[in-house]
Amino acid sequence: MNGPMLATIPFDDDKLHEECGLFGIYGTEDASAHTALGLHALQHRGQEAAGIVSFDGQQFHGHRGQGLVGDIFGNEATITALPGFLAIGHNRYSTTGGTIVRNIQPLFAECEFGGFAVAHNGNLTNALTLRKQLIRRGSLFQSTTDTEVITHLVATNGNRTVEDRFIDALYQVEGAYSIVAMTNDKLIGVRDPFGVRPLLLGQLGPAFILASETCALDIIGATFVRDILPGEMVVIDRAGLTSLKPFKITQSRFCIFEMIYFARPDSSVEGRGVYAARRRIGAELAREAHVPADLVVPVPDSGVPAAIGYAAESNIPFELGIIRSHYVGRTFIEPTDRIRHLGVKLKHNANRAYLDGKRVVLVDDSIVRGTTSKRIVEMVRGAGATEVHMRISSPPTTNSCFYGIDTPERGELLAAQHNVAEMAALIGVDSLAFISIDGLYRAMGEARRNTLKPQFCDACFTGEYPIPLVDREGGERSTQLSLLAEPA
Amino acid sequence: MNGPMLATIPFDDDKLHEECGLFGIYGTEDASAHTALGLHALQHRGQEAAGIVSFDGQQFHGHRGQGLVGDIFGNEATITALPGFLAIGHNRYSTTGGTIVRNIQPLFAECEFGGFAVAHNGNLTNALTLRKQLIRRGSLFQSTTDTEVITHLVATNGNRTVEDRFIDALYQVEGAYSIVAMTNDKLIGVRDPFGVRPLLLGQLGPAFILASETCALDIIGATFVRDILPGEMVVIDRAGLTSLKPFKITQSRFCIFEMIYFARPDSSVEGRGVYAARRRIGAELAREAHVPADLVVPVPDSGVPAAIGYAAESNIPFELGIIRSHYVGRTFIEPTDRIRHLGVKLKHNANRAYLDGKRVVLVDDSIVRGTTSKRIVEMVRGAGATEVHMRISSPPTTNSCFYGIDTPERGELLAAQHNVAEMAALIGVDSLAFISIDGLYRAMGEARRNTLKPQFCDACFTGEYPIPLVDREGGERSTQLSLLAEPA
Amino acid sequence: MNGPMLATIPFDDDKLHEECGLFGIYGTEDASAHTALGLHALQHRGQEAAGIVSFDGQQFHGHRGQGLVGDIFGNEATITALPGFLAIGHNRYSTTGGTIVRNIQPLFAECEFGGFAVAHNGNLTNALTLRKQLIRRGSLFQSTTDTEVITHLVATNGNRTVEDRFIDALYQVEGAYSIVAMTNDKLIGVRDPFGVRPLLLGQLGPAFILASETCALDIIGATFVRDILPGEMVVIDRAGLTSLKPFKITQSRFCIFEMIYFARPDSSVEGRGVYAARRRIGAELAREAHVPADLVVPVPDSGVPAAIGYAAESNIPFELGIIRSHYVGRTFIEPTDRIRHLGVKLKHNANRAYLDGKRVVLVDDSIVRGTTSKRIVEMVRGAGATEVHMRISSPPTTNSCFYGIDTPERGELLAAQHNVAEMAALIGVDSLAFISIDGLYRAMGEARRNTLKPQFCDACFTGEYPIPLVDREGGERSTQLSLLAEPA
Amino acid sequence: MNGPMLATIPFDDDKLHEECGLFGIYGTEDASAHTALGLHALQHRGQEAAGIVSFDGQQFHGHRGQGLVGDIFGNEATITALPGFLAIGHNRYSTTGGTIVRNIQPLFAECEFGGFAVAHNGNLTNALTLRKQLIRRGSLFQSTTDTEVITHLVATNGNRTVEDRFIDALYQVEGAYSIVAMTNDKLIGVRDPFGVRPLLLGQLGPAFILASETCALDIIGATFVRDILPGEMVVIDRAGLTSLKPFKITQSRFCIFEMIYFARPDSSVEGRGVYAARRRIGAELAREAHVPADLVVPVPDSGVPAAIGYAAESNIPFELGIIRSHYVGRTFIEPTDRIRHLGVKLKHNANRAYLDGKRVVLVDDSIVRGTTSKRIVEMVRGAGATEVHMRISSPPTTNSCFYGIDTPERGELLAAQHNVAEMAALIGVDSLAFISIDGLYRAMGEARRNTLKPQFCDACFTGEYPIPLVDREGGERSTQLSLLAEPA
């Protein structure tokens, strides 16, 4: 089989979007080439822009651009212009700050002590409040990212060492963050005290690596060492690795949606294999919400592992009933009015010959606005399916995320506005079921959700936000961060 | 699940490549927009270049470019510049003629009777012989394609009607071809007498469509009518559709590799659903070459349907043990010498957590040179698999194709140089098995291969070429078709 | 002095435009680099597009593009891709055939005898008639240029040698032409029997050169040998240069406008230094049309040499009263409605401090539509000039050119619609005078115009066309040369 | 006459380079379109990059790019994206700070009081010292320009009004500067106390304009009002124009090289018409250094006005003996080794037919390294000139400029290393003369140079620097302003 079958596409408007991937490496020639490869493996975490900063012992070198890692860093000349044994990189799907060049990370600052580059996955919940204070003191912001707050806090901080300046800065910020940073001689990684976003440590010969997921180690043949702990800061330099624990210890609250959808299926994060976890969710779902049917069909590509689990558990054959084209970029022919009535199927096509006359269980990972789900169900029915039952491998998404995931406002979330029966009717299915919250925790290997101290951040399903939403509660608006208009 | 999981990539150097996709439409406004969408659905048949010619009642309009359909035709302005009710389009992976702009089809000719545009899927086996004759007469060739022979034969032919000129021209050519052509008022489709390459007829309201596969009908919501018959020419104009049968009837010899690999799994070609056929090959393979194992793992993406069939028949679980990144373009970082030793895994990654300690059946569609297979087996073993058994859903590829498929010279085909045991050793598997030729025919719904009159063209497996290889046997060389060097 | 002062700009909509520059060289390494330099020196003869074809002993190599020579050929890689000891080049401002890539010369043809490349300066007056005949025979045209008629005539001609085929082809065409052509082993140059357009022979060590003007020899340090004679064909190959005289001898009718405006002032053409000739026209004009004044001001840049001659003869100071910006490309800000009222002076600015209170003689080379003249006079008066007298170094342009110069239709030529007094009023000057036709001939060194056998082609001033206008008189229209629309 | 005759080219490696042009406008719709036109008229002051910032009453809008103004701002869409009634613009040939995007002005800062944009012509002589102090306090620099020092001084300053903050900042800087700045509601212009660089005030209906030269007023039809005075700050807002005089009054020291070379000949600066001044220098030179000759030939284009003055005074005919091609971009064919021996004449060509056998006076504006002069003299002799006498319309350039002009180090200045006789020998002329310093002042309308209080800054000729060179004397090095390497 050739061509478009199970391909994912870079961008689906009706999915939640991970915002960032991080990579850093200390102690190898070609640090930038390694970083570019790592970012490529993390491409699913951000397809809007990417950047790398390296240090060659004398100077920092930076390059950043909009688009995919391969387009930005995929030529020898670009990599050659980023020499050094130390580099950090970042790719992003914008959360705060539009996707303009001045917002692409890593950000770089020239401080009294030397250069300081920083890349950030997550979201600071008091960034606007801090930004105002800093501007009042005369700090000039160049970007509209929350991350730049950190560089100014570091630059204006009076402490002697970079580590102390950095820790002091982090004491002032609230939010979810995993950060990689670098100075003239150090690679630094840190996670917020709840450990909401992933960050892990790898090794390749004598070189240390920090990365968001294990797939970024696999691509360069590096070995996984351990996860960075919640609230831990690691400092890597000539002397090796030092672990600092500047924050008081709290319950880890790793983002459960990383397990459901964001992370790559071949990654392990926070000690769990992602593919296996998703397959177990599918099996739980089959137990919780069985329905007689002829075929289990994944909504490609994100529904595939759960569908395999569902099919195996329910003993209904797993079949590719929907084909997805991977050749779809973002800019393909906007159907003109005259052809819009055709209901052009650019992204998906039903495997008509196979669905005709069948009872189908459709498995997907989530329903956000429900628009894509509705179209897919129509398509499957149009191909002759006699029954369509939808099974979702996450609980209903009822709340927005403020910790670094791009989610629509609550008003746009289908599950925030409707109960399951209403949703089933809107989407047009014969039945609809979501995994239960406890079923989800069971698939993660927990007995159940600990309601007093939940083992994960699941705010998007439960509305329980572990970290205060300072700006939001203080009424800070993000609508005009800068007086400088962003280019269209 | 997000990101790179089961994605195909546009280009794999160790696969055979289909050379062309065809689309034509008569009788709708926005004929070019429909054609662009149709070519997009046929993108897997050719990713190097694409072109469209339209006719608006007064003038022909043409645009062609290198790259993907979405990049070439994905903006409104380009489509708007191609007005008309009649259009044909072509995408190509070059077979004869380098991928230079002057070779991109459709070719257009200004003849005494008006304009004539032509697009061709297949390969003419006496093109060089005819080219020399035409040059001797003073015909000036602009491209190095075999297709241009047809336009000159039509232009210099003395017959009165375009149909007669075209038929006369086809009487002189040998080879495998499906062709769509257009004049000021007609859309014409024709298949060679053996029907080696596909071409089918669809309808969308009053408009007639010609396309290589049904997926090009689905994308615009058109209805499949029937396949164009081997040796049939259909002429579509204001008066409707006329079927001509200018050739004497022979046994159909449809290319069996279309069923195994080239066609999209959601297409039907020559009356057969492609996905179901591949799934049946997998099931046959499980019966012919069973092996005890823990997992059936497809080599993504082309091995997936056969792996599903194999898993279902053998009762071994189907699992995604290998993840393929769809973000890989052709031009990503050429690993420099310094990082080449890393064995960079740009395209595939093993699902390490799932393969460790398992006996694995790997299912793929074919082995060409064997280079990719070797790397994948190493990767699967590196992830901890205890046994690796490879099952291939085609017979050994022992011969080159001269009918429009890009194949390496025989000397580069692994199966032409080695028996199965040697191949197993070279690739590094514990066992290796190919579907038998009769098993393949059974999966196609035949009792067995009719050795006197084979139901398909299977020359790449058997060396039995149904159409004479005139140029090759006459010693014509294709190395310097033109005195004009092709740009690097 | 820095910046925009006396700069010419590539394009002025109110001037006549030369259509082409030619260059060819045989017998040096780096033939293409020499050709690119020669075309650069001839850039004033055509700024729309340029092309080069070279031959390396095995293959022809071609490259062509839209824009300036420096942009198309100004990088090493492009030149390196055009190896060989033999090359021809062409730059063009389109006359027949829109400026589309398929029309850019040299045209290349693959004939029975080998490759044949051709580049043409001039215009064939029976091209449409011949084109129709050739299409009827089955020749497929790729361009809409008149030049392609020649390649088809050569390709379909039965003669044995290329020279004979080429001469036979030229016997069939009518028009004004200088042509450079090349085959696998020959460089060929030819001028029409009247010698309307220039072509000359140079030498650089052992290499022979053909070029439109001497400035193309100067740039590479080559020596001028002689003009190619009207009706002469020179064939340069390993054996040296052979001169053929296939046409019967007629009176030479070199284009007099080459002397007035087209040729570069540092060139010599047809044995005359261009700068000196223009200076002499200015002096004649001062004698014919003296007026008391304070300053002689050229309309930059084309009026400068004549203004110097006028000033010297009249003893009125020559001063730069108008400054022209050379930074103006064609695409600068189209003044929006809102700023159009500003009368934006993108191209010219009056030297206000110097013109105020002065009586000014403005010297220009010609008046075509008169639009630019009117604006310039307004600007000069706006700067405070008390009197403005315009002196033109050509007779009134009353007729269109059909021999290779882009001229408006007669109806748009100001001098075809109005007498001198009316023109003066329309342009807004206190007095207006043109050089007389005999004054012009005197400045060329002739006693007067020989009315029976004029020494030059002066059809644009006199309406006496030496070469029959076959297509025009036969009613051939050029509006739809091709059924294929040209891209916008 | 068409084509390359007296054209200037954007860039000559052997000239001094002005560094910047300034434009600002308050009180008109389409402020950005006006600014783009103004910058276009000032293109000769900086061809490397340009930027515009506008304010629309709500937001600032900015765009900046590398290249010519017409390329960066010459399309409607770019201008439309810069709405507002207030705009400032800048073009630059880099002095401090490489030509990288982050260094392109205007710089924009978000301060507590709102936005602040600034564009600067000149050079601060204590910028490095201040930069270090600011970094120590935690200010993060984004560029390597001296101008950014000003924005940080303004941002961190405690005063209440922008004017007071700005004046306070200027009290701390040393150097030569003309500045245009803007806030949410004000356009501000200021010149340093010595008035080294130009800045003038114009009006267009109700709108006020600030610009470097009058040619930027002419292009949009605006009226010249007056020069901004040395040490004056003008603040333009809804209430009209306010003039502040925050500096104590000193002797004006306007840059005399603006009159000799930098300013456009059709401009008036500091109350003097530039063309007339240059013509007077030529006349002085003829009186000071007469020589019998046949022709006065300017080195185009910068030598033309002085040559006209020289010719008129000496009664030797002014003739165009050298033609300069304006089609030369910076990137034309780097002559390969194989053709370098040709002595390719890309930029200039001698008017061979006119120079042969003549005694020539060559007039140029300055000699920097002498490399171009040497080549031109060789070319003129090669064309047959019997004598070549060079006359220079400035005194010998013996010292570098630190006030905003790009000059080579002293060691590279020919006149710093050699006396006039040696220079004549090196350049290969029969005689060489420079205008005397008093002759130059006479041409400016002064009786002589006031040696106690010179009327102009003439440090490049005399070594008398009116403003302290703080960084230089303090040993500050500019070699590594930033730890971030600049892209190649």
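Each chain carries a letter (A, B, C and D) given by its place in the written order, and its residues are counted from 1.
The rule is short, and it goes like this: a residue touches a chain if its C-beta (ideal position, glycine included) is under 8 Å from a C-beta of that chain, and two chains touch if they have at least 3 such contacts.
Quick caveat, the model's predicted, so the values are computed rather than measured.
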Item to check | Common touching chains of chain D and chain A | outcome: none
Checklist outcome for this item: Moving step by step through touching chains, the smallest count that connects chain B to chain D is 2
Checklist outcome for this item: Top of the farthest list for chain A, CA-centroid basis, is C
Checklist entry - Just how far, in Å, is the C-alpha centre of chain D from the one of chain C? => result 37
Item to check | Chain centre separation in whole Å, for chain C relative to chain A (CA means) | outcome: 62
Checklist entry - If you average the Cα atoms of chain B and of chain C to get two centres, how far apart are those centres in Å? => result 51
Checklist entry - Which chain B residues sit where two or more other chains touch them? => result none
Checklist entry - Touch graph of the chains shown: is it line, ring, star, complete or other? => result ring
Next on the checklist: Please list each pair of chains that are touching.
Outcome noted: A-B, A-D, B-C, C-D
Checklist entry - Inside the complex, what are the residues of chain D that reach chain C? => result 1-10, 15, 18, 29-30, 33-34, 36-37, 40-41, 43-45, 68-71, 73-76, 79, 204, 214-215, 218-221, 261-266, 268, 273-276, 278-279, 300-306, 308, 312, 317-320, 323, 325-329, 331-336, 338-339, 342-346, 349-354, 365
Item to check | chain B partner contacts - residues on chain C that touch it in the complex | outcome: 59-63, 81, 108-112, 114-115, 135-142, 151-152, 155-157, 184, 480, 482-485, 487-488
